[in-house]
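Order as written gives the chain letters A, B and C; numbering starts at 1 within each chain.
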């Protein structure tokens, strides 16, 4: 499997790009002398140049530094809620497939309910209650994503428990929970990896959309979507202010999507989701 | 590129039914699909001729036709029925419309009502009860035998001169098989049509065909009129095929089989393709391919051993 | 038919769940919601009046059933901020969103299916690589980025189209493209894979044996067979489109549902937000039912 991975050029390149961006985000303080939040009104709205790599915004903040720090939050917010959503989706998906009709009906009803909301409107309701903050964005993304993950896990689990060896284990009296841990979860791992990789870009997009609307990450924190939001008034005069963060979002989403596609081909060639 | 079928020469006489027999994977279907150019994209015809003799006496080489020209002949000159009547019908189109499509493609019937009538007549002719009602039926609503009848109707409606039947009864049960074979025979007689029947089933050959080609790994091993072949098989492969038919009456300890299975040919092989599984191979078989030689009237065999040693 | 009824019952149950959920989410605010709702500066009498008018002083289940009863009568409550019935506000805003989504859906389907088909027909050759790149790019750009880019290009650079929505058809073009862009990408990807799945199918051989060229066979028989998953996905995307509409409407200043919801959040107008969300959930559910019906018309095997 690792071998097929290394031979898959798309997968290797995507991982490389993601790794570089992650390292840049982690080592932002080393890569740039500027602080994302420090305002310097003497150097407002500078065009990209040697001193300020990507120029400065209307408050004189260095755009490159803001982009790196923004990518930090965007990546963290892409990964934490996706992990939580995959875990919840896995547990409820397995439960739905493996533990009787009532659980199945209830869980799938609940999934349908969350899927029936337009994600952005649900997010707004959550923002209304909890206010725009890191935690609310995480809650939003988890609620938006767990439903479809649970649905897919459910259908994959159903096809796993069709297998004779699981029936055999059942008939030998192995306890359900043991079967889940020993047989079902290991078989789900490829699916979960692919689901994770494909939901990370969705999370990045959701976060950036919320922050763009001004109901996600709040200043003085910085995120990529927020940067676009703050730059849109100057869109026509200084397009690079919007271009830098949106380019970063696009690069991240695109590479994660490519990686997800490649992983799906490698791990789970028959799947269609 | 690996050659799948090579050096074969088939002749299908007017109004004759010719059988092409062999194990799965020996190139029967490829041969058939090359005639009307529906080979899968990974395969192509690289040489040879396929000569079509018109009633007028003109000769047309099918290998030289372009996509447009060959499509003009499909359905009206050459029609085909397939092995899997379920998947060979478009599941999202009612059967009547699928049959009618042939008339539309070749503009055989411009009047829509008349076209529908002709389809219904054809459904009736292939033995589908209540054809008016069945016109609107969906493929999944029909049984396997019915679907194959629909396929036959679809093939016949353009009154083709040649019918290619690729394993027409493999997916069917024995009773239905007999009915379908009878129907194909009847259609050939009524429409003065030739047919090429591809099968691995010697029973199908004996009930349907006038003349048989036995194919192994892309080569013709033996060819003879059906009766002659069954009475007097020469090639060890043909003998093997015939002796592996279970018969009611004599109860042997076990069913005869041909030892081994079709080898995977990675490289061109100089000798006789069958020598690995042959019971009476001689050393020559490994190094030299046998030529097709005449052993009786219309009876040819490709073997070093059978039919007397060559000079 | 019984399947259809079961589907409708399912939708009603889901909508009930949506109501419960939105109701709970909006009311787990600590403290008196009325006080949060209004600014801190109002006096206690105002808070009390609002509390009474929205039944906020009653226990939660009772509040819920009063709300449910109202919804069943077609009463979504009063917008606190706009001082109008929520239903009339929603119905006023909905046509804009509907126009926007339909236009962008048409854009997405035409472009997406077109690109998907071309990609599949030329699979693993240059046009395919090109279009696959484009469609992955399509699903990877954020809606607001497309929107801003289109504004920059078509308004600022070439002054071909208006910057914001002004009621004219031209001013709806950019929003529709911005919103449809993502869907076009995913429709293209699914169309391609779904159509390519048909390629080995024997019925295509049959069609060619009848006299259709390979391309004709794929475009008539194959395309129809490949559309069921695409239509299902389009219906699922409808919900994503309403999400995107929030952003598109805010960038282009369209007074649709998304804008209404955003205003509701910004003005802390709970009844309005609640009503908007509920209404969009209803629209999405109806969209899913319509897609089911289209698929049943298309694929006879789904008729049980």
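Everything that follows uses one rule, which is that contacts are C-beta pairs under 8 Å (C-beta built on N, C-alpha and C of every residue); 3 or more make two chains touch, one makes a residue touch a chain.
Nothing here was measured: the structure is a model prediction, and the numbers come from that model.
Of the two chain pairs examined here, A-C and B-C, it is A-C that is joined by more C-beta pairs in contact.
Among the remaining chains, the Cα-based centre furthest from that of subunit A is the centre of B. Averaging Cα coordinates per chain places subunit A and subunit B 56 Å apart. Centroids built from CA atoms put subunit C at 21 Å from subunit A.
Here the CA centre of subunit B is 53 Å from the CA centre of subunit C.
Contact residues of subunit B toward subunit C in the complex are 33, 36-38, 40, 67-68, 71-76, 78-80, 82-84, 87-94, 101-102, 105-106, 138, 140, 151, 154-155, 158. Touching subunit B in their complex are the following residues of subunit C: 200-203, 205-214, 221, 224-225, 298-301. Across the complex, subunit A meets subunit C through its residues 109-110, 112-122, 124-129, 201, 205, 208-209, 212-213, 215, 225, 228, 232, 235-236, 239, 242, 246, 249-250, 253-254, 257-258, 261, 272. Of all residues in subunit C, only 10, 13-15, 17-18, 21-22, 25-26, 28-29, 136-137, 139-145, 148, 151-152, 156, 193, 229, 239-240, 242-247, 250-251, 258, 261-262, 264-265, 268, 270, 273-274, 276-277, 280-281, 284-285 touch subunit A in the complex they form.
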